[in-house]
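Two complexes follow with chain A in common, the first pairing it with chain B and the second with chain C.
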Partner chain A sequence: MNTKVRDLIVTNAAAIIAGLLLSGLMLLLLHINPVEVFVYSINTMFSDKYTMGEVFLKATPLIFTALAFAFTFKANLFNIGAQGQFYMGSIAAIALSLQLDGKVPTAVLLILVCLTAALAGGLMGALIGFLKARFKANEFLVSMMSTYVALAVMNYLLRTFLKESKGEYPQTDAISRSAWLPVIVKGTRLHIGFVLAVLAAVGIWVLLYKTPLGYRIRAVGSNASASRMSGIDSNKIFVAAFFISGALAGAAGFTEVNGVQHMLIQDFNSGVGSAGLGIAILANANPIGIIFASLLFGALNVMGNLMGRMPGVNVPASIVDLMQGFVMLFVIISYFFRHYLENRREKRRLQKGA
Partner chain B sequence: MIISLLKRALMMSTPLLFGSIAEVIAERSGMMVTAIEGIFLMGAWGGFVGTYLTGSAFIGILAAILSGLVAAAVYGVVCIYLKQHQVVTGTAINVLAAGICTYLQRVLFGVPTAPLKISPLPEIAIPVLSKIPVMGPVFFQQNILTYVVYLLIPASYFLLFKTSFGLTIRSTGENPEAVDVAGINVNAVRFFTVLLAGVMGGIAGAFYSVGYLGMFTTNIIGGRGWIAFAICFLGNWNPKGAVLGTVVFGLTEAIAIYMQSVGGGSYFPNELFIALPYLLTIILTVSRRNFNVPAKLGVAYSKEN
Partner chain C sequence: MNTPFFELKNVSKYFARVVANKDISFSINRGEVLALLGENGAGKSTVMKILYGLYKADEGQILMDGKEQKITSPKDAMALGISMIQQHFSLVSAHTVTENIILGNVKVVIDYEKCKKEVEELSSQYGFQIPVDAKVEGLAVGVQQKVEILKALYLKTSLLIMDEPTAVLTPQESETLMEFVKEYTARGNSVIFITHKMKEVMEVADRIIVMRNGRLTGDLSAKETNEVELTRLMMGKEMVPPKREQAEEQKEKKVCLELSSVTVQRKGEPPLLSDLSFQIMEGEVFGVAGVSGNGQEELCEVVCGALPVTSGKVLLNGTDITSTSIRERIDQGIGYVPVDRYRDAMVGEMTLAENMMLKTSFDKKWISHGFLNKKKLQNDTQHAINEFDIKAPGPDAQIKGLSGGNQQKVILAREVGNAGKVLIMDQPTRGLDLGAINNIHNNILAERKNGKGILLVSTELSEIFQLCDRIAVIYKGSFMGIYDHDKLNTERIGLLMAGYKEEKEA
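== the complex of A and B ==
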């Protein structure tokens, strides 16, 4: 095996284990036996088909939001606002689904809703890219602030135009079964959105590494002034990269609304943006790596839930944040060690040569 | 009414000033403290726990400083000494801080049936000065942290622009090689400014729990750390600019609260007021052109390159 790939696997595995170990030690503070809890949750996860399906289910939106961050990251741009673009996609998905529900065939509805959700997220992203291109606005700040604005828009709509017909809670009506994403594994909730996410990851990989647009995006990312000299219009790249990034996050809104929740509620999936960012880092912004890193985060999420439901012990839900936070931090630290290992090997090679 | 509005604006500005000035000093040395949201949260939690357990707000604020320092130290070590990406590391620390605070809150207090309360910091009326019409009640009937901020503004300006250490900090952000050649440890300077941001950010967080609400909730900060971060940009990396930016924000927030309280919701949706500070940041970011960004902001320093 290639030494670089081996380093990558070994250091990442070490980081994940270190993160879980530390979270386990934190459980001791509550007088909970971490070994027992981890063994229980991992066993249940792998032995129960439904629970295994949940891992893939939870990974689905994360693949999209991680791709959203990774895509702009390749152009050395920061889209911290995937959460807001996700909300925009969710709003578009539920609004259109409720409109079309029962009026058009399921396949037509799903395709239209998917495109609209992606467009909604994409336009939100493109706006950020446009502000960057036209006014040199700092995209990091604008995208971050846009999430809070999107959240306010969503809460407003949930209270007014999209409010359920019973008029009780700030949430929408549920969409009927004909607007649901079809389940692909019987006995689970796993829907076709996961396949869509994997296809998106492959598509983004092709786009980045096999097309002229992808080449330009990476060129702007690695050396902005050199790419300008060679005639690449970086302003267009900003808008294009942010549009695609936002569209990916918007598509996550579609899979969550039509695939899982079947309605829009307040505080809807409030962590997909930052988890996506963490996953993109874990995968070194590689679209294919993102699929696996998302599955890991999905598994951590499911494990956390299982621990919470384990009979006899009382593991708080915040264990999920704790595990994800520690794993993210250790993965970042592992980059340093990988770099160090690489340097040492290079030095030895040069010494041998001399 | 105007008086209470202005007073409220100044009160809401206090933590933002702590945070944005901390951010200005750190960013001048080249360090974007993207962990600021997590530092605020740790401060809010540490402050609450310290005050609740000992009954002393002073010890609470010390605990807040310590909590902020811990978050900042981890951030500093990973970004400065291990040379990892500042935006990325900050995000990890923010997620982790949220997890740790929520989890440890549970470890310490279980699941309480009623929210745990502490008494918020009292207002202190400064003799004589508080009697000045309008200005008195606005500026001189605040809690102790606001008075600390009055001292902090000139002190930070003096530190950055009138001392040789301030020059070193600014040079570290512009030309670390030159600083290194002069025999000064670039990474130590940066680590110092990040730790300072931990102290000040911790106090800022404590303002929300100990100073104002008298309780701790997981979403107590709700993006205020990011607002402080934004103010640093908008204030052009200068304490004076940070003051100006904060005043605008404090006023917006106070107006939003006021409009909600007088039933402005019947004309405008409440969400508009909630989103106002964030919209304002976007508008201000777009409208400002000639930023004076520190040249090496966000770039780790290593001697080899």
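== the complex of A and C ==
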């Protein structure tokens, strides 16, 4: 047990460092001193409270979308449409917030909006599950394409019913402060949505591993035929799993609209679906691992932004993607490396014992 | 003494958590048939995969004609004249026989006609009648195996390894295979047979290697040993065959399960089951004998609720359950051990404990305070492990890591627990080794004693005769008759299974 935990920490740390080193090499090719920019960005991140808050802020929607992918993944289903479900959640969140803004107390508004956003994402997801159950449609393709439908719906609404009252840009009006998610650390933008995301991750873990429904979802995912013979209706499971998955992505729409942007604009957070997918794979679809992987991605994102804004040096903006890509690559390699270490240890033990 | 053709010296192989082979040493001479005998999981396939270059040995060496060889891939092995026919054939089913045989051995432009001729010549050498232009998917299993053999011969193989070659064959097909082996070795080639069937070992092998738990337990000449000795070496203990007690008193027994005029038919097709009627009493083993594929699986699925009937009724203790779902029937106490456990009865990625609750995932007994009661599940599973003598690291081990026999015991343990009234078993011992078969037979008889109605489908006549009180013979979806177990002999049942109806009871 101890050696396992040690391996986990050591290999992951090594992977992150290796990813940063390789990114540094890229900077070196641009005649930028990587040590200088890394030290600057890391120092700023850890010393400045606001920036630290940004790390958690950026991680929040990623936790949700990563959970969305991970949850169906456990049922051997692929929900590639988290982005679309996120849009549906965002639309529901902004529409309802604008309606209720100033009419009901903040707490009531936030709870209602949260549930509605989750429901909107969930219904979008359930539709995919239903198509799979009823017509045996391939959920991979349907979910992937559903994102474009959601995007089109969002763009349409931004130009029509939800368009700002000034009528200038394809965006909504901003919601007033009473509809904002409360900030939990003074001097930062970090809102209560992060706590919600962590609770969701724990909740999903409990649901999957501690409840009969989660058990059945995993059983159908691994062997649908044996599940049928055991009296489990896999069609119901498909719809339920996709509903929950979609609801998680929809909830990200709520935290982003009410917590960060306070309005809906075109091209709203267009990368959160795909980033969530990557994070879920990085964390091996483990809900608790997703929290940490999302924080790592949040940190890389913030670091990249800091580097880009560093006075005197000209770091390209794409450094964010580079760092995320390299770190992800090495973390995945480290996963196989740990497996190899574990195997070798077991083998040695047997050789000695025999 | 002359140098052996191939020799293995102190070969060991460790997998994570398991010692697969430890200090295995044996040799094979030219023109010899060597049988590698052992229970499932004894390490037979592993040591052969080392010889064939699929696995790398952690310790030890391989010698050919006295010289050490490094075999790191099947390609190396083939270069030395070693070929291995896996239990599951490696043929491209959409390709023709010829294409399959030349696969991997042709470069640039394929002269199909020339290759075809070569294959035809090769096949006629051994008297094989194989349609060289036919697609593999349309061929019978026995013929597919011959294609595999030809593939090896095409590579000029002089040591042929066959992993459980007769497991999928009919008795006649096995016969032809044995003839081939004799002819092939008469030409100075060698054959290694991996098997756990005693009969064919005694029939064809010159020498027998016995393995148990990854170690060599015997290296014997076939002439100087017997089945009893081999069994002991293989199992490590004497085996006591189960004994079926006669029903003590002829008490009036209650009807447990009843089918009346059950027919299953899809539109425009011949019926899968036609007009089946029978009753199973409490404490009775009702056997269904027949060649597989004559409606046995459908019959079982009708009883467990997976297959709806076209007409007829299913009654459990006198109550009509014809239209109830699988889930309702599980709740009413019908247990089912299906023929294909990988597909229908277990979730390989899940643990033993999780598999134990597969059938009863809706049952309140696994829940405390709204969550799964892991402790109860663990305890129940540990109890089953002890009671059914399941060899497993523990309740938290993944079931796919267990041997086939132990997986089957887990499923049996679960179904026996679920089956309050009726237990359906479709070929419960298929592909298992002697120890596991014995264990399962004993459990079936124990359940009989507990007063359950048992429907046992089997293609093994010995199993049917050993366990059943009454025997029905099924042919093309209908019963050829229902007989008391002592009214039938092998010959008679054989004719019935082949569809020859008797005119009158003798």
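Quick note on the criterion: the second predicted complex is superposed on the first by the 353 of 354 C-alpha atoms of A that agree within 3 Å, B and C clash if a C-alpha of one lies under 4 Å from a C-alpha of the other, contacts with A are read in each partner's own complex, and residues count from 1 in each chain.
Simple rule for what comes next: contacts are C-beta pairs under 8 Å (C-beta built on N, C-alpha and C of every residue); 3 or more make two chains touch, one makes a residue touch a chain.
Fair warning: this is a prediction, and the values are worked out from it, not measured in the lab.
Look at A:G325: by the touch rule set out above, it reaches chain B but stays clear of chain C. Touch criterion met: A:T160 reaches chain B, while chain C stays clear of it. Judged by the touch definition given at the top, the superposed model places A:P311 against neither chain B nor chain C. Once the two complexes are laid over each other on the shared chain, residue contacts for A:Y148 go to chain B alone; chain C is not touched. Ranking chain B and chain C by residues of chain A touched puts B first. Once the two complexes are overlaid on the shared chain, A:A219 sits against chain C while remaining clear of chain B.
Contacts from chain C toward chain A in the complex involve residues 12, 14-19, 22, 58, 304, 306, 325-330, 336, 338, 343-350, 354, 357-359, 361-362, 366-367, 370-372, 374. Per the touch definition, chain A reaches chain C in the complex via residues 206, 209-212, 215-216, 218-219, 222-223, 225-232, 342-343, 346-347, 350-351, 354. If you check the complex, the residues on chain A that touch chain B are 26, 29-30, 78, 80, 131, 135-138, 140-142, 144-146, 148-149, 151-153, 155-156, 159-160, 274-275, 277-278, 281, 316, 318-326, 328-329, 332-333, 335-336.
Chain contact summary for the complex, chain B toward chain A: residues 74, 78, 82-85, 87-89, 91-100, 102-104, 106-107, 223, 226, 229-230, 233, 269, 271-272, 274-275, 278-279, 281-282, 285-287, 289.
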